[in-house]
Each structure stands twice: as structure tokens, then as C-alpha cells.
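Quick heads-up: structures coming right below.
In the two complexes below, subunit A is the common chain; its partner is subunit B in one and subunit C in the other.
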Partner chain A sequence: MNKLETALRDLSEMDTLASGSSCIHRLHPAAKLIATAAYILVVVSFHKYNLGGLLPMGLWPVVLFQLSGIPIRTCFYKLRIVLPLVMAVGLFNPFLDHTVLYTVGNIAVWGGVVSMITLMLKGVFCLMAAFLLAATTPIDVLCGALRMMHVPGMLVTLLLLTCRYAGILTEEASVMTQAYELRAPGQKGIHISAWGSFLGQLLLRSMDRAQELYDSMLLRGYHEHFHYAPIPRFRVKDALFLAFSGAFFALVRMLPVVQLLGSFAVQ
Partner chain B sequence: MITCQQVSFSYEKDRPVLRDLSFTVHPGESVGLIGANGAGKSTLMKLILGLLPCMQGQILVDGSAVGKDTLKEVRRKLGYVLQNSDNQMFMPTVYEDMIFAPLNYMVSREETDRRVDAVLEKLGIGDLKSRHNHKLSGGEKRMAAIATILAMEPEALLMDEPTSALDPYNRRIVIRTIRDLPQTKLIASHDLDMILDTCDRVIVLSKGQIAADGPAGEILTDRRLLEENRLELPLCLAGRS
Partner chain C sequence: MHMADALLAPQVAGCMYALSGTAACVSVWKLKKEDNPQKLPLMAVSAALVFAGQMINYTIPGTGSSGHICGGMLLSALLGPYAGFLSMIAVLAIQCLFFADGGLMALGANIWNMAFYGCFVGYFCFWRPFVRSRRFGQSDKNARICISAAALLGCIVTLQMGAFSVVLETTASGITDLPFKQFALLMQPIHLAIGLVEGLATAAVLNYVYSSRPELLMDVDPSSDSKARGSVRSTLVVLGVAVLVIGGGLSLAASSNPDGLEWALFGNEEDAGVKNMGLDEEDYGAKSPAADRAQSIQERTSVLPDYAFKDSDSAAGTVVSGIAGSLIVALAAVLICMAGGFFRKKKRLE
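The block that comes next holds the complex of A and B.
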């Protein structure tokens, strides 16, 4: 199985994960969407040296993963291509920022090291939260919630179709790669001389398929307006989820939880 | 139901794909459209559905000329089953794909659900309802694709190679299903055995023109006519020699 086939399988498995029936899956999509957006905002808002403050934020996705029945390793496995990029974000900070923040024994801890870890954790936490949302909410339900929140229909349709067409692009690329590999034994990847025609063909083939898919939509009455899955009523448990999440974010953001716990333990 | 009057079409100048085509498909009729590769079968289907503009002549669906102003009305009456079911099924599950068309045509949720259940029961594929499209086998996908079209309750069905890439067992199921559908049918295919099984009338297309039009029993047994048009007798009639 080539990398693209694996990517395609991963993509289709997201739909399967999203069709689960845990308490997190059953939450109102708007509640999950708002909570995730708030989580990402709060995580991003931490100062680059505030590693202690940021750490407890990791609890929220971890608890939700447990409740949803989706193993956290699934998240890391599926995001294995993106994670190194996220991790690379702060890689140069230790070389650029030599401000001494703490000393552990005789060892000085530079601000660059702390900010690197903080940035990495921010990226990982945000990815975990976004993955959790996607893995517990089918894309059309998510789009329905976005429309309910008055996000412009054009943008929502764009999101939905991008998700659908991403699969087509990957599928075509996978078939073409396989055909290439079968006629180029012993060769690793696609030779640079073939990249031009390969990409051109990929574009043309994907466009053809996308056109046929769009025709199929038109023939079934599509007129720039999707009828998304029915959104369930906003219930008390959804409000409670939002309230608890909000309270947790506020608590962690405003109070130095780790320091308080530390001083409590010392006393 | 479907009338083509002197229809011509070309993708490139001076290279006509269809030339001066005239025929009528009457309500309730089941018509097979056969011809060699490049004969213009798929192009004709797309013209009838208004996916391609008619350059010359006129196509009427239930009395309405196919054109920009009538597209909505025409397409509501026609259900098109694509050759590649993967391109037809674009929603995550079979159910969501089936409700796509009725909801677009403002059918209520309750009525849509009733239609979905009725179609699934009729085709005997109730177990596919909540299945994910990408997890269906080729045969299941084809049946689900037909189901998504039937949920529209179209007056006529246009099918492009409905039995291609199916194993014998699934092919037989699809043929039986098509044969039992009461709608007007226009079926483009190279599977002449299937055409013989499902159609009363056959139109032979050759180089964009009608080479023959008549009862399926007559046309599909005419070896000379078929061979002149780069076709062969259906296997069931060709014998084992």
C-alpha cells in the first residue's frame, strides 16, 4: 500500500470514527465547535514562557478522548505527517533566545528552550482539539452547525466540497502513483523528470472526476444550497458541557494551577 | 417521454459526434442504446440531461424542450445512473446520499424518509442504509447508486453502463432490478445480454448516427447488422462455437 493509499484510508476512516455513539459524539455540534474554538483561542493566548500555565490545558482533550472512546494514539498516528511540522515551529528558539529564566541546580534554563516547548505544546494541543472535533462530528453535521451559527453558506459549502474533493484528488494521485511504481521497479518515489506530466495529468483527471461528481449533484437538484443533516435540539447537557469547558478554560487561564498545586504539595 | 429531433453535436469544429439524430422514447418503454466506443452514447445521454448544450435540433422531455429555463423541471423527471458509482455517491452514507435529491426538491423530511425506506425495501438492500459509501463493495455500490436515483421518484431512468465491472452474481441482481423498474428507461451499454434481458427496443448508434432502431429481439439477433457496427451477437445467442 503506498503512502497516498494510506492517506486515503485515513481520510475515509475519519467518517467512520465520526459515526460513533459516545456521549461526546452525541453532543450538539455547535457546542463542540464553540468549545473547540474557545480552547484553541485560550491555548494560543498563553505567553511563550508560561509553560506551567499551559500544561493543564492538555487535560481537556485527554479527558474528551477518553470519553469519546477514541484512543489518543489514533490521533497521533493520523496526524503523524503534520506533527513534525508543528514540532518544528519553535526549533530555532533555543539558539535565538538566551534569556535565563530558571536555574535548576547549576543549569540555566534559557527562555528559548521554554518557548520552544510551549510552542510545540500549543501546536499539539490545538491539533488534538481539532482532531477530536473532526473525529466526533461528521462533516455534514459540522457544516449544518456552521450554517446554524450563520456562517455564510458559500464558505460552508466550500468547506464541505473541499473535504469531498480532497478524497478524489488523493484517490487519483494514489492510482497514478501505483501505475507509475509498477512500471518503475526499484525506483524510490517518482522521478523528478516525471513530476511535470504527473501533476498535469493528476489535475486533469481530478478535474474530470470532480466535474462528473458535480454533474451528479446538479442532476439531483443541487442549486448552491446544501441540505445538511438535521441538527438535534440544544439540550441541557450541551449547555453543561459548554459551561464546564468554559469554566475550566477560565480557571486554567487565570490561575497558576500548577504553581498552586505545587505550593499546596510543599505545604 | 423523450424526443430527439434532428439533434447534432460536436466537441470540436468539423468533428461531429452526433449527426441529425431523431427518435422518441415513449412512456413506459425500455430502450437500449448500443454502439461501439465513441459512437456517441454518453454524449447523447448528457444532451438529454442538459449537461451539454444542444447545438442543432431539439430535445423534448415530456413535451418541454431541454434548455436553460427548463433544466430544473427536466432534471426532476430524469434520473441518471452514472457508469462510475463512486462519482455518484458523494455523501458519507447511503442514507445521506438517498435524501440528497428529495430534500433539494423540497420534499419534506418525513416523506423523504418514507421514500428511502420504500426504495431500500423494494431493492432488498435495507441493510445498506446506514453503511458508509466507501465501505461498500462494487455490487452494493451500484445498487445503492440506483437507490439514490429511485428516491427521487423520476419518471424516466437514464443508465450508463449499469452492469460494467460487476461480477456475474451482482450483474444478475442489477439486471433483475432494472427489469422490474416500471419507469421509462434509456440504457446505454456494451453488455448486449443485459440489453436483451431488460429492453424491448434497441437503437444502434454508429458514428453519431442511428444505424438501426427496432425491437430488441430483431436487432440483437442480426449478426450482420451488429458486426457492421463493430458489435457482436449477445453471448447467450452466439452459442459456444
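The block that comes next holds the complex of A and C.
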């Protein structure tokens, strides 16, 4: 399966996941967007040595994954994209930071090791939260929420249209790539002699398609105003979701939850 | 080069959001001022194309590895910097939301690192100067060289700037213990190689578009592009040669027989043709002082009487007269066209 087919599968999977009807799916998109942004902000604000403080933050996405009925493994599949760069940056920390933070028996735990693990965990948690938002909110609903939050209409419409056309053009590019591969067995990628014409032809066809798209938009009554999906009203449950999420973030950020739980368990 | 959320401190992410947001607002404002609603679907389809195109691998000969196109440079060459920038935002947002390629909080930084440099620096510092250069219009080959140079240099420089920004942002966030210098030395050479490949792939695509539909490219005027200029020039050369050959060479083979009017009036009895009507060839027509004066003026001013040099029967005179006549006719045609154009313009202004 080539990259394009994988992307198509991912797009279709996200569409399927977003069309669910769990309590998380039914939440107001703006509430989910704000809560996700706040979660990521709090996660990245932890100090690089504060591994204990960061750990409980993992509970929020785990609970939401369970409530939404989305298997966590679908999200971990995406880690292959995020982790390499995070690891590339964090991997040097154990070699450069030899500050002894803890001693477990005779073994000294360096600050570099802790900071590397913290960095990776931050990457994983942020990914989980962003994935959860995209997997429980259809793109047209998300665009409606963005519009509600006064993000410029042009940008929101562009995002929505691009999202719709990304699937179509990816499929077309995938068919072209497959046809090319069948005609050039054993060859990796596109040969230099076809660098220009391969994507160039798709580009020219796409430009004509854009004109057809605009004509069809005009025929459907488009007049510089796009109609997004109907956004449900902001209800009490949405406010409660925001309040509980906010309280949890504040609690974990301000109190050493892990130490408190540990000392409580020891007592 | 997509940054993850974990690599940024909230303050740095906020700053990058502010910078990218400002650039986005300026772009939206510029496009609104442009008032071209047709551009929106074009932007969307182009963004979708870049999204798909970035997943197509281009094999680098002799290395076994591959690269992909540079979205920012391609979009700014197709749509201009402002529309290209907004389209890149859509691409990066989709990559972030659906593919976890770059974090949600790091989106501002990613937009700055990949879209801002690629679209604005790439367009204003490389694409426009190269495409508007005098060299671009000189020949088709030069135009291709300019496009390739703009794409290649644009991709390399903007990718270097983006990579350097990643280093700055990560260092400012205090994420890595790697010293700034070492981190920069690690990032820049890798992205130099990536930029080179991306530049070559982007240049190939842009050259293909130029050869097929030059009007799709920004700042390329298809009516005055090198190919059109070349064809006009070649047409003029062909016409010029034709004028010289017909006016000069073929005039030597012009018939020495009288033309139709001369033949009707004076006949060609000596060649066993029709009889003379009784007119004197040297002295005919109505006599009047005005006609005498006109004839004397004509004799004084005519450089090549009877299509030959004065007091000479040489063939050279006929050749020169042919060429000169042709040039005078051409000049008259040009003057008539210019006069017509002048009056049309005047009428339009009224």
C-alpha cells in the first residue's frame, strides 16, 4: 500500500469515526475545541523534569476515548509520524544533561533521561487530544464552530473545500501512481524524466476542475457566503464538560497528584 | 519539518500563532480587496493538489531515496503569495487534524516555518524577480532557466529559513539540551539536501506547467511570453526574407512586356502583338501647365525612374527599387496601423 492509499484510508477512517453518536460526539464542537486547546496548553506547560506531574494528564484523553467508543490503538498508529521528530530532539538529552534527579538504589537517574521521557509523553498526550477532537467532530461541524468563533470565513471555507477535495485528488493521484508502478515494476517512486509531467498533468486537470467547481457553486446559489453544517446550541452539558475539564486540568497542574496518591496508598 | 506540540513552550507557540495569524489576516484582507470569488475554489483545489502531491515520491537518481514537491513555492507560483499562504494553512491544518502531522498548538509555528517562508519569501525574493527579469523574456530556454532557478533557490533558501526557525523555536522553548550551534548544524545540512530535491521536483512541475499552460503561472504573461515573442520574431524574419526575395530577387525576373494599360494604349506590334492606337509613347496625354510642372517635379524627385538608377539600365537598379518599394509599402502599412490604433485609443478614452 503506497502513501496515498494509506492517506485515503486514514481520511475515510476519520470520517467514519467522526460520524459516531456517542456523548462526546454530541458535545458542542466549540466546547471540544476549547477543552482540547486548554489541555494541550497545560500539558506542554509542565517542566521538563516534572514527569510525575504530567502523568495524570493522560487520564483525560483515556476517559474520553472510552466514552466516545473509539479504540485508543487507532490513535497510537499515528505516533509513527509524531514520535520521530520528538525523539530526534529529545534523544540527545540523556547524553547532555547529567544532573542526578533521583537515586533508585545505587542507580542514579539523570535529568536528561527524565526530560526525554517527559518530552515523549507530552508528544503522545497532545496527539491523543488532537486526534480525539478530529475523530469525534466532523469537519463541517468543526468549520461551523470556527466560524462561530469569528475565524475569517474565507479561511474556514477554504479549509472545508480543501478537506473535501483532498480525498478526491489523493484518490486520483493514487490511481496515477498505481498505473505508473504497474508500468515501471521494481522502480521506487517517479523517475526523474516524469517529475514534471506526472504531477503537472494532475495540476492542469485540477485547475480545470476548480473552474467547474466554481460554476457548480454558482448554479447552487453561491454568493460569497458558504453554508456550514447546523451547529447545535450550547447546552448545560457542554458547559459542564468544559467546567469539569478545566477543573481537572487545574487540579493536576497545581497539585502533585501522583505524590499525594502515593503517600495516601502508603499510609 | 512538522513540529509537534511537545517541542514548543506555550509562550513560543502563542508568539508563533500571533505572527502567523497576522500574516493570515493580511492575506485575507488582500484577497478581499482583490474581490475575485472565483479564486476560492481554485485555492481549495490547489491546496488539495499540494496535499496529494506531497505524498508522491520522486526518485533521486543514484541515491535510492526520494523527495517530494515544495508546497509553498508551488502554491505561490500558481496563486500568488497571499492565496498561496492561505492554501498552505488549509493543507497544514488538514495534516495536523487528520494525520497528526504537526501538533494543534504548534500549528502557528508550522504555518510560519513552512507556509510563510515558502509563500512570501519564496515569491517576493525569488519567483517574482526571476520571472520579471529581462532574461526571462529573451528566449524559451532562458524562461525555463529562470523558473528552475527561482524554484530551486526558493526551495533551498525557504527550507533553510524554516529549519532555522525550528531550531530557534525549540531552543527558545527550552525543550532540548542540545546547544543551539550543534542543533543548527544538525538541522541545516539535512534540510539543504531536502531543499535541493524539493526544488528540483518543484522546478520540474513548474516547467511543465509553463510549457503547457503558461497563463496559470503568476507574473507570466502568456501574450508576451518568450514563445510568443519567438514566434513573432520568426514571423518577422520570414516576412523580411520574403520581402527581400520577392522585392529584390524576383523583380529581376519581372516581365519586360508592357503592363495591361501600356499594352492597351501602345500595343506591342514589334513583338507581333496588337497595333498601336496611334499614340506617341514618349509624348502622349493632355497638355497643360500643371501636368508639365508635375512631370518636372517627378523627374527631379524620383530616385529610381522606371525602376532603375538614373541614366543606367543596370539590373542592380531594379533590385534596389524592388527592395525599396517593398520597404516603403511596409512602412506605410505600419504607419496606417499606428494611426488606426491611435484613433481607436482616443475613441475608447472618449
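The rule is simple: the second predicted complex is superposed on the first by the 215 of 267 C-alpha atoms of A that agree within 3 Å, B and C clash if a C-alpha of one lies under 4 Å from a C-alpha of the other, contacts with A are read in each partner's own complex, and residues count from 1 in each chain.
FYI, a contact is a pair of C-beta atoms (placed from the backbone, for glycine too) under 8 Å apart; a residue touches a chain by one contact, two chains touch by 3 or more.
It should be emphasised that the depicted structure is a prediction, and the values quoted were computed from it without experimental measurement.
Colleague: Is A:202 contacted by the first partner subunit B, the second partner subunit C, both or neither?
Modeller: second
Colleague: Answer with first, second, both or neither: which of subunit B and subunit C does A:19 touch in the superposed model?
Modeller: In the superposition, A:19 touches subunit B alone.
Colleague: Which chain, subunit B or subunit C, ends up touching more residues of subunit A in the combined arrangement?
Modeller: Counting residues of subunit A touched by each partner, the higher count goes to C.
Colleague: Is A:217 contacted by the first partner subunit B, the second partner subunit C, both or neither?
Modeller: both
Colleague: Using the superposition on chain A described above, determine whether A:240 touches subunit B (first), subunit C (second), both, or neither.
Modeller: neither
Colleague: After superposition on the shared chain, which partner residues are touched by A:59: those of subunit B (first), subunit C (second), both, or neither?
Modeller: A:59: touches no partner chain.
Colleague: Which partner does A:108 contact after superposing on A: first (subunit B), second (subunit C), both, neither?
Modeller: Once the two structures are laid over each other on A, A:108 reaches no partner at all.
Colleague: Which partner does A:261 contact after superposing on A: first (subunit B), second (subunit C), both, neither?
Modeller: Touch status of A:261: no partner.
Colleague: With both complexes superposed on chain A, which partner does A:250 reach: first (subunit B), second (subunit C), both or neither?
Modeller: neither
Colleague: For subunit A, give the residues common to its interface with subunit B and its interface with subunit C.
Modeller: Overlap of subunit B and subunit C footprints on subunit A: residues 139, 164, 209, 213, 217, 222.
Colleague: Can you tell me which positions in subunit A touch subunit B when the two form their complex?
Modeller: It comes out as residues 12, 15-16, 19, 138-140, 164, 209, 212-213, 215-223, 225, 227, 229-230.
Colleague: Which residues of subunit A touch subunit C in the complex?
Modeller: By the definition above, subunit A touches subunit C via 2-4, 7, 10-11, 14, 36-37, 40-41, 43-45, 48, 78-79, 81-82, 85-86, 89-90, 92-93, 96-97, 112, 115, 119-120, 122-123, 126-127, 129-131, 133-134, 139, 142, 152, 154-155, 157-159, 161-166, 168-170, 172-173, 177, 187-192, 195-204, 206-207, 209-211, 213-214, 217, 222, 224.
Colleague: So in the complex, the part of subunit C that touches subunit A is made up of which residues?
Modeller: Those in contact with subunit A are residues 2-10, 13, 24-25, 28, 31-32, 37-38, 40-49, 51-53, 55-61, 64, 66, 69, 78, 86-87, 89-91, 93-94, 96-101, 103-105, 170, 174-178, 200-201, 204-209, 212-213, 216.
Colleague: If we count contacts the way the header does, which residues on subunit B are in touch with subunit A in the complex?
Modeller: 49, 51, 72, 75-76, 78-80, 82, 84, 87-88, 90-93, 96, 99-101, 103-105, 109, 132, 134-135, 148-149, 152
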